[in-house]
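Naming follows writing order (A, B, C and D), and every chain is counted from residue 1.
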Amino acid sequence: MNRKLKMGMIGGGQGAFIGGVHRIAAQLDGLIELHCGAFSSNPENSKITAKSLFLEDHKAYDTFEEMIIQESQLPEGEKMDFVSIVTPNFAHFKPALMALEYGFHVVIDKPITLTLEEAKQLHKKVKETGLLLCLTHTYAGYPMVEQAKHLIEQGKLGQIRKIIVEYPQGWLSSAINNKQANWRTDSSKSGISGCMGDIGTHAAHLAEYISGLEITKICADINIVVPNRELDDDGNVLLKFNNGANGVLIASQIAAGEENALSIRVYGELGGLEWHQMEPNSLILKWSDAPSQVYRTGMPYNCEKSKLNSRTPAGHPEGYIEAFANIYRNFSVSLNNYLDYPNNERVNNFPSIEEGLRGMAFIENVIASGKSSEKWYNFKI
Amino acid sequence: MNRKLKMGMIGGGQGAFIGGVHRIAAQLDGLIELHCGAFSSNPENSKITAKSLFLEDHKAYDTFEEMIIQESQLPEGEKMDFVSIVTPNFAHFKPALMALEYGFHVVIDKPITLTLEEAKQLHKKVKETGLLLCLTHTYAGYPMVEQAKHLIEQGKLGQIRKIIVEYPQGWLSSAINNKQANWRTDSSKSGISGCMGDIGTHAAHLAEYISGLEITKICADINIVVPNRELDDDGNVLLKFNNGANGVLIASQIAAGEENALSIRVYGELGGLEWHQMEPNSLILKWSDAPSQVYRTGMPYNCEKSKLNSRTPAGHPEGYIEAFANIYRNFSVSLNNYLDYPNNERVNNFPSIEEGLRGMAFIENVIASGKSSEKWYNFKI
Amino acid sequence: MNRKLKMGMIGGGQGAFIGGVHRIAAQLDGLIELHCGAFSSNPENSKITAKSLFLEDHKAYDTFEEMIIQESQLPEGEKMDFVSIVTPNFAHFKPALMALEYGFHVVIDKPITLTLEEAKQLHKKVKETGLLLCLTHTYAGYPMVEQAKHLIEQGKLGQIRKIIVEYPQGWLSSAINNKQANWRTDSSKSGISGCMGDIGTHAAHLAEYISGLEITKICADINIVVPNRELDDDGNVLLKFNNGANGVLIASQIAAGEENALSIRVYGELGGLEWHQMEPNSLILKWSDAPSQVYRTGMPYNCEKSKLNSRTPAGHPEGYIEAFANIYRNFSVSLNNYLDYPNNERVNNFPSIEEGLRGMAFIENVIASGKSSEKWYNFKI
Amino acid sequence: MNRKLKMGMIGGGQGAFIGGVHRIAAQLDGLIELHCGAFSSNPENSKITAKSLFLEDHKAYDTFEEMIIQESQLPEGEKMDFVSIVTPNFAHFKPALMALEYGFHVVIDKPITLTLEEAKQLHKKVKETGLLLCLTHTYAGYPMVEQAKHLIEQGKLGQIRKIIVEYPQGWLSSAINNKQANWRTDSSKSGISGCMGDIGTHAAHLAEYISGLEITKICADINIVVPNRELDDDGNVLLKFNNGANGVLIASQIAAGEENALSIRVYGELGGLEWHQMEPNSLILKWSDAPSQVYRTGMPYNCEKSKLNSRTPAGHPEGYIEAFANIYRNFSVSLNNYLDYPNNERVNNFPSIEEGLRGMAFIENVIASGKSSEKWYNFKI
């Protein structure tokens, strides 16, 4: 049975950025509706937010604890089905754990928690409860990312030899002072890393997701470029993967003039591929002995997962919001399946707790490597 | 007061394409909700569609007449606020006219009607009723289109001298047989033109919208390239504008290999600009004596209207669906204003009946010019 | 036998532009040497030019007549093998005719003469003498132009249906006053056309060369945009080809901000191709049902003619000068063959008198069409 | 006085690649002529090469020693002015040293010698003799590289913070067997490094040349990817510069599908720049708070050095051969100055012995770092 799923949001009050994106993304396909929220640690803000979202007053809770408890007491069909946690990193773990304990499924922004240790506890809880947890690694939601993954799985590039993944941004090139900047550069809100936690994790995830490989060793140069900043705002990392491939990961928030230029190049024995988040509907394939090719979102020759993640015919550009919506759409399909057949084995079509664990491990390993005078640091969870 | 507006949809049943896009676009910002629908001329399809959209059964009407009449009898706050008409061209006029007569505002896909004569009648009705009519010329919803318009208005290019607007598609390169193709190549559904009506109108609108000029003369080469097709699938048109500028409009559905490659170039005394719908977040400015520039969606230096039409920071690509949603969002703001202050003068921030009239005039003029052996045909409404 | 061929240049003195390009291009492959010159109508300039080019004084002639006569009296092996005529249009015909009469082969810049009538006389003379005449339609010398022509000849695109060729420049956007601008906007130097003669001819040649088709009808909008200019500086032309294909040719010198943006798109039943002179080493192939492809200069998969026109491995960009040099190199190969086997039938691998005739016909037809109120003008020679 | 300079070539016989490029580049501007050569270690090949180049037989020498000695005994004005050494790396040092000892200036391909030690000896000899030595770091010859350097020198980007330089090629992705591949993968011909010596040196030079900075520390991951290869074919290097900036250098010959994709990005406090060798006529400037800009070869706004390195108006693409020719042209200007005023202080406008030394140091340091388990290796000469 296909239900319209009910979402309870934690975070995303007035002044937040990513919360609004989550709301658009979640509701885009008409499969999920915003049901309630604890939108802010400030109850007043939560109320105002709810009102601006056309929620009834009693659906704006003062705290996430209140929301989880009260919703859990409502009858089936009237309570929320899952929570969506869109707070800064430090406020992920507790609501996620509590939601699972009260039987609610969880959608959560990345990085999954403040520390690897929290991620491990959350992992344990997810396994215990059997509930769904969806980690919104947005960039995995692009149709051409699926197509890239598919072509590599099919062996089109041969054995993978080299991966270059980059995430240059320029918005923290100077010492700015605003809500988005402040929490991301504050260890009590963000954890031990700034740049690597915020965007390095996206890059690492993308490299592993597309290639199907795992990072096994890293050698990190982690930098604080803007004076008086507490956390890293830049870094370059040499990588080794579990099949012997080498790689480079570059993430920066001080690459002045760059917007959000996540990109990846993967080279195999037979050819290479290239994808740029800012022109996400093209996937370039390069061959040693044939003309290069450009695969395009929405074309019939794409793989099934790629086509599922596309809503319009080729040439109607699909962007960041649609990619985000794909994560929610795929989650909603799985959740409907779960509700119908709670005991079936599940195959997630979205990033989940395992990716969350690896992301936190990436943060801890890359910061440790940055401090080490040893060249190669073994990636461990 | 900000209300969540209630939309009644006409068309957009199972198997349709653009209806689904309208639903996503209308609801994307959480300002509009799907309230009811007459989704198909087949009542069964309408019911199934409603169910798949989580509407209650009684909100699926068998016919648009039934929907308009019954909704009009509901109390304020329980009835729909406006209709959205997403049927093929031949089924635009009657529901639009009836909706206006019953006091409902109207959103309508382009081209506005089957004939210029219908458009004139509709124009009269809109003026009589004072109700809002929004024509979804999607491409006008892109942030960089607003920025282009703004830069030209500011005189950055100087006097405009030349406009090249193109809309090549390849999907009708062979004699395909499917729902989308069939009605677009059938004069009883589409009107007197295929290609020029379907996409030439977008190109003509874009040229006039960005430049602020009006086409005054045309010289059209209108072609049926694929054998046995009833309506034009290709055309090239020389243009003259009311300030003396010249131009070219190319529209084709048989440009094999092209997706949806609407683009425009405008040249003035001082420089030129270039925009491509398939990479919509970049606007290229070229100068005679300075480095060319690339304006980007979401950057703070853009004009207010451009920034209003953008939801995410620069580098998070916004696409076709967001552009479409901007049309609905701007309509919903105007409609809320109307509901609060019905007697105020209105400044529409969306394409309306005037653009609809000019679009129908474009179709009739361009087809007439195509048949004429005179070189220049005076554009008349 | 491979000889180093001796070139006598007519025109190209101090202050000229294209003469210097001809000298570089002619000598680039070491197959041709500058032997003598009548570089200017001003004998002093001719002497200074010769000196700057390290020619001995007696190799700088005061007039082309003197050069042709005196060189013709030198023994074999000491006299020039061919003349290269790089003067403005009005000074092409007389030296070309005289050179042929004295038994010298001819390289000549385009457009070949001032009038179609002159071109016809020159055609007659070339046929009478059996000597070689090479017209430097530079853009035909690019490797990817040959590859495009080859793919169309092979039928990869199927029947050709539509051609869009453009040549926007912006350098005459205002009323500038310099040597290059002055003669090109003066009918006594340039002939009856400015823009169409200077660059429209390149565009028309490229369209016919790549497609293998011939223009049969035109409908031209010819404009003088900058006030007080004598000759056209802009134009848009509808085209019909001898296989029924339609097309558009746009040429402008007032497209402010454009550099030298010659480009062509050709659409057939099965796909389309696209080439841009400013990024000349890529040739884009677009397919209805497969990923688009990018062919690249210097790759082994290219056709033989394309590979012949390339000097370096792929990724070492080859530009305008190399394209120009290809014309001369191909001419020098043919001329060496001629000198060895003067009675053999010849297959020119370079543009020649026929292309020159068509170019002049294009100019006369397009200007006549521009003045006509008839829509379609039959292209005639 | 401007002389046409006489070049004696060492290497570049039948079957070689880069020798032919040197000949075209050297002679392109008509300022240098090929005077003699010892084109091959095989005297027969040398004779055949000379004949194909239209040299008289006695100008083909059997050995470089013979050429240097015999030419040195010719009267002024009849002997060569300089040698151009275009042999594989192992055969650079001896002819360069001998040429200098006999009073000939030297042009030499990079890397300058087989070992750093040889480079130091050559450096000493250059200083002793005061003769000119020009190292053909081709990529420094591009107009937009000069423009990039100029903009950074002018402080447009502010303090430089990060440099990413890459040189991916794919031609050695499999174990191919041909003349070009064989010597480059053989330590007796190439020295201790394959990829880093052949192309890593270009990347390192470009980074230092454009930025005006010096590499001070490196952390290298040096790889042999194709089995049974003797020398590195791939590597990733973390960099630190003398102003504290960080960087990444990636060079690979196994990036399958890549042609010759040298590129650089430099980020400063205020903005970033980006240049790609395969589209060399565009230089992208990105700003934090203004539209990005594209500087183009040949435009009047460029700096003097950039304009000097350009031969045609903007939009006539200039490529690899022109960049190469710029090195020779700048060398020929300096050499003419030297010949006129041998005692003047000289300011080289081309890469010279210092760049040669740093290049060899780069090779030795990067290979040593690759073998070290220490993270940071101090760059030393």
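One rule holds for everything that comes next: a contact is a pair of C-beta atoms (placed from the backbone, for glycine too) under 8 Å apart; a residue touches a chain by one contact, two chains touch by 3 or more.
Just so we're on the same page, UniProt names per chain: A, B, C, D = Gfo/Idh/MocA family oxidoreductase.
Because the structure is predicted, anything quoted here is derived from the model rather than measured.
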{"item": "Pair sharing more residue contacts (C-beta pairs) when C-D is set against A-C", "value": "C-D"}
{"item": "Repeat of interface B-D, chosen from A-C, A-D or A-B - more than half of residue-number contact pairs shared", "value": "A-C"}
{"item": "Approximate Å spacing (C-alpha centroids) for the pair subunit C, subunit D", "value": "34"}
{"item": "CA centroid of subunit B to CA centroid of subunit C, Å", "value": "44"}
{"item": "Centroid distance [mean C-alpha coordinates] between subunit C and subunit A, Å", "value": "56"}
{"item": "Shared-contact residues (touching 2 or more other chains) in subunit D", "value": "171, 258, 285, 292, 296"}
{"item": "Touch list for subunit A against partner subunit C, complex", "value": "285, 289-296, 299-301"}
{"item": "List of subunit C residues in touch with subunit B within their complex", "value": "157-158, 161-162, 164, 166, 168, 170, 173-174, 219, 221, 223, 225, 234, 236, 238, 246-248, 250, 252, 254-258, 265, 267-272, 285-288, 292, 372-376"}
{"item": "Contacting residues of subunit D [partner subunit C, same complex]", "value": "2, 4, 17, 20-21, 23-24, 27-30, 34, 52-54, 169, 171, 258-261, 277-281, 296, 298, 311-322"}
